[in-house]
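The first chain written gets the first letter, and so on, giving A, B and C; residue counts start at 1 in each chain.
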Amino acid sequence: MNTWIERQRGLLDTTVANLRRRKARNLGLFMAYVLLVFLLASVVLFGDGMRREARLLLEVAPELVVQRLTAGRHDLMPAQWLERIAGLRGVAAVEGRLWGYHHDAAVGANLTLQVPKEAAPAAGRVHLGATLARLRGLAPGDVLSLRDHAGQPHAFVVEALLDSRSELVSADLVLLCEADFRAFFGIGAGLYTDAALRVVNPLETRTVAEKVLARLPATRVISREEMRRTYDAVFNWRQGLPLMVLSVLLAAFALLAWDKASGLSAEERREIGILKALGWDSGDVLAMKLWEGALLSVLAFLLGYTLAWLHVYYAGAPLFEPVLKGWSVLYPRFALAPEVDISRIVSLALLTVLPYVAATLVPVWRAATLDPDEVMRE
Amino acid sequence: MIELAGVGKTFNPGRDNEFHAVREVSLSIEAGRVTALRGPSGSGKTTLLGLIGGLTRPSVGRVRLHGRDISALPERFLTALRRDTFGFVFQQFQLIRDLSVLDNVMLPAVPTGRAHADIHARALRLLDEVGLGQRAAARVQWLSGGEAQRAAIARALINDPSVILADEPTAHLDSALSRQILEILAELRRRGRTLVIASHDPLVFEMDLVERVVDLRDGRVLTVHGLSTVPMDKSACRP
Amino acid sequence: MLCIPNSPLAPLAGEGSFESRCRDLHGKVIFQPAALALLLASSLNALGLAAAGLFALRMLRHWNPDVGSEAQIALERRTHLVSTLVVLSLLLSLPMLALFTHTADAMAPFFAGAMCAVGSLKANAWGLPALAVMLAGFFLAAAWLVLHRLDTRGWDQPLLLAKYRLLLLLAPLALAQAALLWLYFGGLKAEVITSCCGSLFGPAATGALAELSALPETIARPLFFLTLALTLAAGTVFLVRGRLGRAFGMLAGLHFLVALAAIVAFIAPHIYEQPHHHCPFCLLQAEHGYAGWLLYPLLFLGTAAGVGAGLAAGVRAASLQAEAPRLAAALARIAVVALAAFGAAVTFYLWRSNLVM
């Protein structure tokens, strides 16, 4: 055991000396390695952060949402329907919700106008998402002017900005009171956008949904579980796209590593020849070369991952925001909560280190099995 | 201690450039003696030296070390055996650039798994013995030819081998430096090591170092003759 | 481009397009970094070991250490590549096993009905076989490396043929593992309603695994501790006296099976403190203190080392007279320590549990 450790130590010492000696030659590959890890890790960490954020918000979302369908399209829901739903067994509470989209030409994006469940602003006043406020250059006390369904301008006084903890989804939010909302969209009293349900026993959500459908066939029922799955799937997919693009980069990197490893310079070849002539066997040289790869990989991975972590959690991921969020110019500048996830680290390590190992293994083996008497022939 | 029986080495067998560098050599190297392989350039000295030291695998024939056939040993064992038995001094010094003299000397001991501190201490002592104690930390490319050859000898001794194989040890040195190197080799002989020297440098044969000469030509042994009539040193340590 | 509604408080509000678009994407679980990493790893592993398997065929046919021919030297060179491939494969199998089970566990919320890794693994037919093959691959690679280590230390390479025959088994296993993982991840559909672990390990379930759950604690518990004690005793005797090496190896293998059964039958319910919750996968979850991440690595390590020690102790080649017992002892030491720690951990969990079955 001791000789094993001493031998590995000797090999490692030699490896370190070799890396130091060939700093310039290894630097290019090392930088490419770091860059690769950085990009890949940024995509993954950013996607994770978004997913966590969305899930956080879903926790406060209603267990079931019921929407009326007319000819297969979302339609406004009459108040009587709410009562019919409330009468079902297993339903704890029903609440009609009011929300809608408004295209704001000034910022070129869709705003979400919504009547909050509680603490609604007074008539003529609104609460604004922080990003929207920034884009429109509004501060509390200023006036937000929007054109209503009939093209008439409506002026709202900005009362407060929304807490930016959940800025990802509140970025474009405009909260207003019920009367203003109905007037703005021209929606009569007794109509709601949809209905939010709380159920008595969360385990029976499915049964309740079926009952709603049975009583009101012209609706669709969306459960929070379903939403969560959908979100997860979408975020995964959105993350998958850049990952696919990056896989091309990955292949390019593997090619570079392979080229570096197989294009042994005459000098390196001679050195391996010397080692073999001096009594290193193929296994020793191979072990040394694997140490070299391992050292390079560990350093590149740590550096790349740390940079990605800082990039995503402290710099706001400027590189990827447009790619991953990209659904609106309103993308927020928000801080994702930092998190270290070991399974992500393992995945990323496999994704980046394996191509390197695979690409360099055969060239390294070829170098290690050079004939020991090669140095004598000159 | 080393016996070659009908050993031959063919390069590129079966191809157009097939070349028989060594043919049907039967030879025995005696322990504690100095044997020289002599012959013009291209006569197969280096190849034969490689065959003796287990560096080159014979195409035909058998090489025995202490009566044990080593020609068909797995690489791992052959290498370990070679490491423990032979110290090589190559024709071109073959030191590794940008490493210190000390690191170079320590290299052959790395795969043995001996304690780092022991190897380190031994390397320093060997460098002292060849007169390079002061240069231990220097990069090898700054050494002069004579110094480089002495570093190479120290390196050959790091695993305490019983046999030293030296290929043209004086080829790149003037006669003063050559004498210095030969003096070191003579000292090794005095300490009981077996030496095999491949050379066509007359100086090697002028000194009363070599005890046995193997004359080679075109890969064949022409003659083997002892020079033991020439009194070697005042040494009493001859077997 | 608008695929995520601006506010989840206004869910799925678009004109139905969002939802339908998302439905298309449901199947793309494969884009998860962990899934990609596992697919890449298993594919490279399969590629490497398949090449090694082909080489094994050549080796078995043409190897002749008595000649110094070019062909022979080329074969010898290639053995270095092959052994490196198996070492890497073994090194790879550990993070792969961990990642696969963890991913299955983490994916559970994707599938209706899934509560833990079992639900995800049962979301199609390939999950559980993939896991089983992965485990088998780990143990086989470990056994191969024991043989390899010994073989390279005998001057006449006495285990060469055995080694390369075993490689012929390892290669198809690696291919199967990659194929199963591709089938599994490629075939995952989120709409699938899968079953939770209760259907596999529980009173309502049927099948061999359910039989295990039904094994009464009064039988399972003494059986488990008896096997563990016998295994540890054999290991100690081997370490002290140098005898019973092979028996130790076999006992370690037997203990592995008994321990798995014991986990399902009574250890897991005690950790959950629920008499009818027998699932061996829920142990990996945070709610249960990550008990599985302590128990399984110890069990696997102990088993691999123990079986390896038995293998090494069973080698009778003259050229390995000194080396084989030395390696066997080193492995046995690891095995005894790991299995003792495993037993201690189980005892601790049982002692802490308030469940009376």
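Please note the rule applied: a contact is a pair of C-beta atoms (placed from the backbone, for glycine too) under 8 Å apart; a residue touches a chain by one contact, two chains touch by 3 or more.
From a predicted model like this one, the values you see are computed outputs, not experimental measurements.
Contact topology of the protein chains: fully connected, every pair of chains touching.
Simply put, of A-C and A-B, more C-beta pairs touch at A-C. Each chain gets a centre from the mean of its Cα atoms; for chain B and chain C, those two points are 52 Å apart.
Note: centroid distance chain A to chain C, computed from Cα atoms, is 31 Å. Averaged C-alpha coordinates give centres for chain A and chain B that are 64 Å from one another.
Residues of chain B in contact with two or more other chains: 75-76. Residue positions of chain A touching 2 or more other chains: 282-283.
Residues of chain C found to touch two or more other chains are 152.
Of all residues in chain C, only 1-4, 6-13, 15-16, 19, 22, 25-26, 28-34, 36-38, 40-41, 44, 47-48, 77, 80-81, 84-85, 88, 92, 95-96, 98-99, 102-103, 106, 109-110, 112, 152, 190, 330 touch chain A in the complex they form. Across the complex, chain A meets chain B through its residues 2-7, 9-11, 13-14, 17, 21, 267, 270-271, 274-275, 277-284, 371-373, 375-378.
Of all residues in chain C, only 65-68, 70, 73, 76, 152, 155, 157 touch chain B in the complex they form. Chain contact summary for the complex, chain B toward chain C: residues 13, 57-59, 71-77.
Within the complex formed with chain C, the residues of chain A that make contact are 1, 44, 54, 57-58, 61, 65, 72-74, 99, 101, 110, 112, 114, 169-173, 222, 225, 227-234, 236-241, 243-244, 247, 282-283, 286, 290, 326-328, 330, 343-344, 346-351, 354-355, 357-358, 361-362, 365, 368-369.
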